[in-house]
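I am attaching a structure below and will ask some questions about it afterwards.
We call the chains A, B, C and D, going by the order they appear; numbering starts again at 1 in every chain.
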Amino acid sequence: MDMVSLRYTSKKPKLKNPILIEGLPGIGNVGKLAVEHLIDTLKAKKFAEIHSKDFPPQVFINPDGTVKLANNEFYYWKAKKKNQMDLILLTGDYQGLSSNGQYELVEKILDIAEEFGAKEIYTLGGYGLGHEMESPKVLCATTSKNLVKSMKKHGAIFKKNEPGGGIVGASGLLLGLGGLRGIQGACLMGETPGYLVDPKSAKAVLKILMKVTNVNVSLSALEKKAKEIEHIAHQLREMEGSMSKEKSEELKYIG
Amino acid sequence: MDMVSLRYTSKKPKLKNPILIEGLPGIGNVGKLAVEHLIDTLKAKKFAEIHSKDFPPQVFINPDGTVKLANNEFYYWKAKKKNQMDLILLTGDYQGLSSNGQYELVEKILDIAEEFGAKEIYTLGGYGLGHEMESPKVLCATTSKNLVKSMKKHGAIFKKNEPGGGIVGASGLLLGLGGLRGIQGACLMGETPGYLVDPKSAKAVLKILMKVTNVNVSLSALEKKAKEIEHIAHQLREMEGSMSKEKSEELKYIG
Amino acid sequence: MDMVSLRYTSKKPKLKNPILIEGLPGIGNVGKLAVEHLIDTLKAKKFAEIHSKDFPPQVFINPDGTVKLANNEFYYWKAKKKNQMDLILLTGDYQGLSSNGQYELVEKILDIAEEFGAKEIYTLGGYGLGHEMESPKVLCATTSKNLVKSMKKHGAIFKKNEPGGGIVGASGLLLGLGGLRGIQGACLMGETPGYLVDPKSAKAVLKILMKVTNVNVSLSALEKKAKEIEHIAHQLREMEGSMSKEKSEELKYIG
Amino acid sequence: MDMVSLRYTSKKPKLKNPILIEGLPGIGNVGKLAVEHLIDTLKAKKFAEIHSKDFPPQVFINPDGTVKLANNEFYYWKAKKKNQMDLILLTGDYQGLSSNGQYELVEKILDIAEEFGAKEIYTLGGYGLGHEMESPKVLCATTSKNLVKSMKKHGAIFKKNEPGGGIVGASGLLLGLGGLRGIQGACLMGETPGYLVDPKSAKAVLKILMKVTNVNVSLSALEKKAKEIEHIAHQLREMEGSMSKEKSEELKYIG
């Protein structure tokens, strides 16, 4: 039994030089939100899933009372126009728990990418700033200097040696290990406070990805979610405000 | 040397489409209590045990001074009536310590289930509420919509997306990985405060399982244990009460 | 590369039905002290060592400035009298760090035991009480009822279901996994406060082991060490005493 | 897929009985600083890299916006004079995260050392004292008594049983596992407070290594870095000083 196993859930699709787009859970869940939004709006079709012994030993409960084993899922979408490419979309419940599990998971994803002839990988994630910002920028890192140029044209930002801690997890490894296999790619990191799920940052990331892929989707559902989250964030700040006020009043009684 | 190894402790029993019932340690030890009660009252016979390098490196001391290696144990019981099925009962000292160990353990249990032709698995566990309740309900999740229907008839409760965190451990994995092998099953989760072992919750779970299997056992031993635990819980609450009273009195002296 | 590897450091000795005696680090280092004392006083000869990837990645510095890789070491001693058996003595720097590493280590030790035809294993350890005692008793657990009888004759104590937590580590696993291979054995656990290395407890364990093996050694070196440790313990208690006195005096100034 | 994999990044160099010099991250980053300084000043050439599933799943961002997978890197330098030896220089981003990963990494490094016919290994590291010192001494430990003698001549210090905790990590394992393969070597440990990266300690280590190898490099770049660090350390001490002063003033207000 391998640590990571792939299972086709439908017939293998025939894809032509597809682009792989990854969005697994991470800071602000930016990548996962973005890829799930693409899957929903493009009506992409699920064709395979990955299980790993390095995912938590867990099933989730579906709304109908049945269970779903923790997994990663592959969807595909076929190009409608000449200037588009077929897409493989990857999202899921977890990344690997351990270093070893992360490497094994990413090697398996790259196996799929190679099997379907993917030449490019775009990985989506968040870049946690730890504070609020007006409009999130999208940082980028790539496997080659050529891609740096083209990503800049599409509006992605490159800051020298940033993120300082590099990119940890599947979004980084897919580029690092993919590069060793000769697969080009870029990581798009939407700035995010990092406290809550961040649809606004996911929207910023998708805006650039839409330019890269010439695939345009409505972002209104993300905008709606963003407003809901902003409302929640506002309420949390108010609660904190009143609590710290109470606290400082309490403190006055000491001494 | 595999991580998980099976060892027959008696001749392989001949069973006809048995049902596998799992009750390993967990919240309130509900599942373990329930399966141990079945083993005791049905006088089920042990036929195999599992050792795993992912169990703690530990032996237990038997009352006669000999040692027992930490394990999981399989028992069987043969149907007495036409509307009953043979049973394989699984309990043990531990679940796997790591994610990897949990997956390996459950794959091995499913190998046994398949070898004996088991078509259904019932996994028993607790659902920790963190507070006391009058009479524990039994939540359920299954591998198929058909089983949702029949389990509802037997009195199991389905709440949308509950438990919110899904089911973690062998009780969940047996359904998740079993489903991938085409084995149907359901998880019965007895509500429990989760502080102490909970025979009352085990009793509630068994009441439903008895309807599923048409196997009826006396529950009086569990009821007796439940009363003992209630007595202990009462004493603990009194101790806590007097302690927090002391504490608040002590606090008066400050300042 | 296996997790655990054996390396002969001299020609394989020819031994006749040897007894394996294990004393690896543990509570109060009772087992390690006892086996090291046997090795020293019997002038046992080293013949093999075990390295494990589950030992810390560490070398120790010898007094002459050279390094020694963390290991477990096997020594042998040949019987001098008719009523004695050859001995294999096992001690070392570490037990395995993980569950998996513990099982792999013990399986390798049992391979050696079987290769040399060992029929019995005695494992030595401490039983931590968390408080001082006059003269440490020696608790015991065995692989068979026969051995319970003979160990009682030699003065070992059996208390029902004690130690309550069973025996964790190599001393327990050697009996548990050894029993599955048909190798008989007993674990001797010297009572110890468990705070410091405890030569007095090691001495109590050896007294019983000497009756089992008919091999008698002088215990004076252990007695000397025990006095040194008692002196240190006394000093520590005095320091604690004066510190807590200071503390309570300090506390008077608050308020 | 192995845990550790080697990848040549250029044609295999032809080396004659090279010396392997290791400097991976550790206390005060002494070893890494020293080997990086050698690579820079000798203009050593990279020829291979190691990736490990036990390194963090991480890429770093190059100044040009491209990514680099976390790795260990091998460089070589060819002797210019008769009394010099060819050098293999090893540095990198990480050591293995787990015990197992450390052993696997070091075994792979030793495979390379053997492939190129290396007869000696020098491992460089720091010896954390936890306090400032005037001029750092360089402690040493070796695989053989002969090397103890020659290293003493070169100015390395041997203190009985020091470091007391032995040597943990690649610097120790390379000697311990290398010794089992018949490769001689020594570990040079520069004393360091251990709070900050310590170029002064790296310089002390290199001074001795230069005598061992007859390879002389300018140390001025390290000296410059040392002054910068000293300046930072001075500022930190001042900040701490003023903070603890503030704190003690604040404390006066209590009560």
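Basically, contacts are C-beta pairs under 8 Å (C-beta built on N, C-alpha and C of every residue); 3 or more make two chains touch, one makes a residue touch a chain.
Source: prediction; values computed, not measured.
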| item | value |
| --- | --- |
| Copy-to-copy rotation for subunit B and subunit C - C-alpha atoms, rounded to a multiple of 5° | 90 |
| Copies subunit D and subunit C - interface residue numbers shared by over half, same or different | different |
| Where subunit A and subunit B are represented by their mean Cα positions, the distance between them in whole Å | 37 |
| Subunit A residues counted as touching two or more neighbouring chains | none |
| Touch-based graph of the chains, sorted into line, ring, star, complete or other | ring |
| Inter-chain touch pairs (all) | A-B, A-D, B-C, C-D |
| Residues of subunit B touching subunit A in the complex | 96, 99-100, 102-104, 106-107, 140-145, 148, 158, 160-163, 165-170, 172-173, 175-177, 179-180, 187 |
| In the complex, subunit D residues that touch subunit A | 1, 3, 7, 51, 53-61, 63-70, 97, 101, 253-255 |
